[in-house]
Amino acid sequence: MNGEFYNYLPLWATLLPVLATIPLFFIERRSPMFRDFFAIAVSGLTFLTVAIMYPYIAAHGTIGVSYPQVFPPFGISFQVDLLGYLLALIASAVWFLATLYSRVYMQHEGGGNRFYPFLLLSLGGCIGVFTASDFFSLFVFFELMSLSAYVLVVHEETEAAMAAGYKYLILTLIGGLALFFGIVIAYELAGNVDIRPGHFLFTEHTRLAFVAFLSFLVGFGMKMGIFPMHVWLPDAHPVAPSPASALLSGIMLKTGAYGLLRVVFNIYGADFIQEAGWHIILLVLATITIFLGSAVAIAQPDIKRRLAYSSIGQMGYILLGIGLLTVTGLQGGIFHIFSHAVMKSTLFFAAGAIIYKTGKRRVAEMKGIGYQLPVTLACFSIASFAMIGIPPLNGFISKLLLSMGSLDAGMPFFVVLLIVSSLMNGIYYLPIVINAYFGAKPDEEKMGGWRRLFTELKPSMLIPICLLALACLIFGLFPGNFPLKWAEIIATMLIGGG
Amino acid sequence: MTHLPIIVVALYLATAFALPLLGRVKKLHTGYFSLCIATAGLVMSLLTLFYVAREGTFSYFPGDWPPPVGIELSVDWVTVLMHLTINLIGLLVLFYCIEDLSSEVRPGHETWYYTLFFLLMASLNALAMAFDMFTVFVFTEICTLAACALVAIKPKALCVEAAFKYLILSTLGSGMLLLGTSLVYMVTGHLNMGLIGQLLPQAIDLYPLNILIALGLFIIGLGIKSALFPLHTWLPDAHSSAPTPSSALLSGLVVKLFIIVVGRIIFQVFGSELFLMIPIPEVILLFATFGIFAGSLMAIAQTDIKRMLAYSSVAQVCYIYMGMALVSQTGIQGGLLHVFNHAVMKSLLFLAAGAFIYKTGIRKIEDLVGIGYRMPLTMAAFSVGALSMVGIPGFSGFISKLTLAFGALEAESPFFVVVIIISSLLNAVYYLPIVLRGFFGRPATEFQWDKLPLLIIAPVLALAVINIFFGIFPGSLQELARLAAETWLP
Amino acid sequence: MHDLVLQTVAKLIIPFIQLFGFYIIFFGHLSPGGGFAGGTIVASSFILYALAYDVQAGFKRMPRLASKWLESMGALLFVLVGFAGVAMGGSYLANHTGLLDLGEAGTLISGGFIPLLTLAVGVKVASTIISLLYHLLEEKTNV
Amino acid sequence: MFETLINILSALVSNMHYLTAMLLFLIGFHTMLTHSNLIKKIIGMNIMETSVFLFFISIGYVHNASAPILDDRVAAYVNPLPSALILTGIVVAVSLTAFSLAMVVMLYKHYGTICSDQIMRLREEEQ
Amino acid sequence: MLTALNVMMLVFLVVCAVVVARSNDLLSAVIMFAAYSLVMAIVWQQLEAPDLALTEAAMGAGVTTILLLVVISKTRRTEE
């Protein structure tokens, strides 16, 4: 076990939340309060563990360790490069905020004894996905995350939740098995499934390679919610408790996007895909997904369902970024992974706060809610504007980059697509915001003034929302936008550097 | 040291015969006595493993008569792997027996149960190393008798009927095995597998029909006994009605040993080249594929939990057959791995299901709602088994499926990877609802813990731990299976 | 059922049947026969007795417990004798190790402990068949 | 014409044991599977097994050789190996018969019939 | 001469087996089976397997028949 301490950081970031479930299991029988704090502490610690990796990653490029004796012949190995780091960072941060948010929210929901261990378990899985250095480890953590998330989805145990959960479970399993198929083929052909820069597993355009590509696409696309595989998403995300929905939509979808990035740029390589013309598949799917997600979202009366469909549309952007195969487009895609995580988490947290406070789920009922929950709604509005792509918010940057990328690729059609879809985003987000502020006059006497309303939302719920909304602003057109810079570095590395 | 494997067999036989006498001794609990013997057996098979690892494989000739006349017992890696599986699972099931039997058999018949148990264990151990058709036949018969008796010992007409069906079909299988043996003997003049194997390539030119018929008879005969798909009709009745420990033994071990015999006949008598020349691998693959689907679909339709597990065995057995019929080293390795892993998983599932029945008397799947709140540990163990069956990474079932998938690719037939994947999904469709019903879908009341006797819960948990351990650190087991596969297909 | 002629003839013939049975057992290594056949013949004498008189009388001649003991002991003897070979340094059931005099081929005292084994088998088979018959003949079979 | 008949007949006679064994095997097989009476099934099982034994023994038979008993006057013995196998087989067959008969008695006690079809019907009614 | 005897015995075996399979009376089936076993024992003796002949005579013709008879006496005699 020699070797530098920092090489073990990815391992610890993954294992910490997983192992913490064991003490949590005993703690939660003693005191619910201690349980909540323990969970917050663990997720905070995980965030810190991820955060302190940065100097070493900046210095060494990648850090990691491998354990070939676990799961032979593949072995479990961890390795973090900048792409993995960026996603692990945002994942652990949002997770920490979600845990913080859950403290109050879950008191209302109940069943925290089951919620927290699986929240941490899925955090471990999620970090594991981003820190895995080969596809097999990635697959293992992917399954861990997906299966733990099932418990989060069915948390309320209503009829609808069980039905949605079952759909989620079966489709996740299908996705997992497709992934398994792809990995087995890759291993059989290449002899390893490592994720290393410039190390491509497939070098010939065989039918088997194409089958593997399709199964990877199905596997990761299932998680990502790409068009034909999205059917579970609008059911599963809304029924989960709001912090879990935020994580499902904000972070867990991104594991699929991350996997697809690795598949396209690390397993096959941009040139290979370009030659084979398989990126057309991605682009077609992206187009359908963007349209479908945005169009169906308009028709949704339930706010969380609307957000879920919006996620499908947004994942289409990321897929577009991957499929364009240009540096700028990819940069936009990667940056959109980051910015969508921030935006969608804000939106779900805020929607959860509304449901928590008022019990209203339907958009039509939310008239005048801005007077009741001014700060929450302000954050919601910021995130909505970011979604629509209004400058200077982060959503604008990703759309801009994606447009530039599609021009680079010589496909101006996608610029039109982006504009149209932004318009559609506007159609389904703006009514919520407008309704909230201008839909109905506040009955001030009945409400008892502004201040009382403001104090009713506890700070542990409000702070995560505010922080995330602030992130939408900061990582927009402001100087020092490090994710944007990183995205550029990563995009260059993935496409240019091979 | 070389005597160890046969000492295990002799010890078990001696115990089996001594138990009726010892049962009359007051103050001696035959169950605990049996536990000691079974532990000794497990220790001896572990010692055999270490010995073989150090000194290499060897053959044993009881009575010091060398092959053409005498009996040969081959202690190779297959044997070592199987001995470990048999004795490990047997020991854990025996733990379970001690508490459970009083609710399953007539009072006073527990000692008979242990006798039959050891008779079965002795014959299984012997079958694992039998290297001539004579020994195979003898111990096949002992095994069949003991297995039928283990089903019929439950004082219910249903069990007796199932056992009768099992016995009749098994006898049919034995008859075919013997006829096949006689056909091979007719052409080669030997009963020893190694000697037959040497002579067969010449013999096949002279009497191709005899050998083909013999191979067909072997596969059908042993296929009946190991429940290869269209010949499985006896299995669901016998395995679901039997006492729980018997179900675990039958599904976990008995069926597998006949597959091992088939494997020995295919690879050590006929040899892979001969086997590939005739279209029998394709036929087995076809049966296995149909069996995997049919077994899973039938399992989906079941309402009784033990019956569902029995149908699942039909499908799982076909995996092992598939691994062998792929005739690639990795495929065989996967098949052998699945022998071990399925033994662990299925006995885990049967014992856990038996624990539900023991405590609550519920056999219907739909009535198991909320069982996770009453018996959390047992249900957790059941979930481990179920997830392992589905093939979730981290559980041992995944490893065997992975290896089988590699085997299929190595044999250049990716179609079977798809078969494995679809069947995993089907497994999920019938296993996961039980887990979900157990834990979710009703208001989360506080735990109302129905405590189980330690001797019932301990083996269940031990099997779950073994499952997870070999799911995460399968290295040693894979190595063992690889060596065993090399014995068959160098 | 209780036929005097039958009973008298049975009484007369039973010792001879048993003698023949034991002959078959002990000369198993020299001439056709052995434990299986001999044991069955010995058992048939008991069955004859039980049929000629009645089952209860048969029980008196060969009590349940005794047949149970013999059954177990016969089988145990066989298994344990096998260990003698191991103890003498040969294989299980090895007979060439000089534990018992191998004698001259063709005489009664030859074949090492093979007569011992056939005896064990004979005892086991005889007692098993007897108890099996008793079990089936018994009026109340418990189900 | 006549000659071919002779040929066929002599071929039949020289293989008569095999042929009989096969015929008996089929009869036993048929009895075992098609008869619904359990005792008939058991008898069929016995016929099937003895036919296999017959087959095996006729394989071991060497023309003009004597039984495998040590004797100075005899030049050739028939193969003793099948005998050993068949001896075990006979014993096994008897024990199988005994066991299955015990089960038949138990089934009769419960269902009052020894016909498998009726038992199946009764069982379904029970459930 | 001996061949003729053998042929006769084998034919007898087959006839016995067929009768056993066809007869409706279980008792007669059992008796025929006993005869079958006995003839089988003689055939084996003819094939120079005296061990087996002896065993078959004792086991097949003796024990099995008795067992079958006992069971028939306990259950029913005819096939329905």
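Every chain is named by a letter (A, B, C, D and E) in the order it is written, and numbering of its residues begins at 1.
Basically, a contact is a pair of C-beta atoms (placed from the backbone, for glycine too) under 8 Å apart; a residue touches a chain by one contact, two chains touch by 3 or more.
Model, not experiment: these values are computed from the prediction.
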Ask   = Among the other chains, which touch chain D and chain E together?
value = C
Inquiry  = Counting hops between chains that touch, how far apart are chain A and chain C?
reply    = 2
Query = Any idea which two chains share the most contacting C-beta pairs?
reply = D-E
Request  = Can you figure out the chain closest to the middle, judged by Cα centres?
outcome  = B
Ask   = At what distance in angstrom does the C-alpha mean of chain E lie from that of chain C?
value = 24
Message = Centroid of chain A to centroid of chain D, CA atoms only: how many Å?
response = 70
Ask   = In whole angstrom, how far does the Cα centroid of chain B sit from the Cα centroid of chain C?
value = 35
Ask   = Multi-chain contacts in chain D: which residues touch at least two other chains?
value = 28, 67, 69, 82, 87, 90-91, 98, 101, 104-106, 110
Note = Multi-chain contacts in chain E, i.e. residues touching at least two other chains, fall at 50-51, 55, 59, 63, 67, 70-71, 74
Query = Counting only residues that touch at least 2 other chains, which ones in chain C make the list?
reply = 32, 34, 36, 132, 136, 141, 143
Category of the chain touch graph - line, ring, star, complete, other = other
Ask   = Between which chains does touch occur?
value = A-B, B-C, B-D, C-D, C-E, D-E
Query = Given the complex with chain E, which residues does chain D contribute to the contact?
reply = 13, 16-17, 20, 23-24, 27-28, 30-31, 35, 37, 39-40, 42-44, 46-47, 50, 53-54, 57-58, 60-62, 65-67, 69, 78, 82-83, 86-87, 90-91, 93-94, 97-98, 101, 104-105, 108, 113-115, 118
Inquiry  = Looking at the complex, which residues from chain E come into contact with chain D?
reply    = 3, 6-7, 10, 13-14, 17-18, 20-21, 26, 29-30, 33, 36-37, 40, 43-44, 47-52, 55-56, 59-60, 63-64, 67-68, 70-72, 74-76, 79-80
Request  = Give every residue of chain C touching chain E within the complex, in rising order.
outcome  = 24, 32-34, 36-37, 40-41, 43-44, 47, 129, 132-133, 136-137, 141
Residues on chain A engaged by chain B in the complex (per definition of touch) = 69-73, 110-111, 114, 139-140, 143-144, 147, 151, 154, 157, 162, 165-166, 169-170, 173-174, 176-178, 180-181, 184-185, 187-188, 208, 211
Ask   = Which of the residues in chain B come into contact with chain D in the complex?
value = 69, 133-134, 137-138, 141-142, 144-145, 148-149, 152, 157-158, 160-161, 163-164, 167-168, 171-172, 174-175, 178-179, 181-182, 185-186, 189, 191
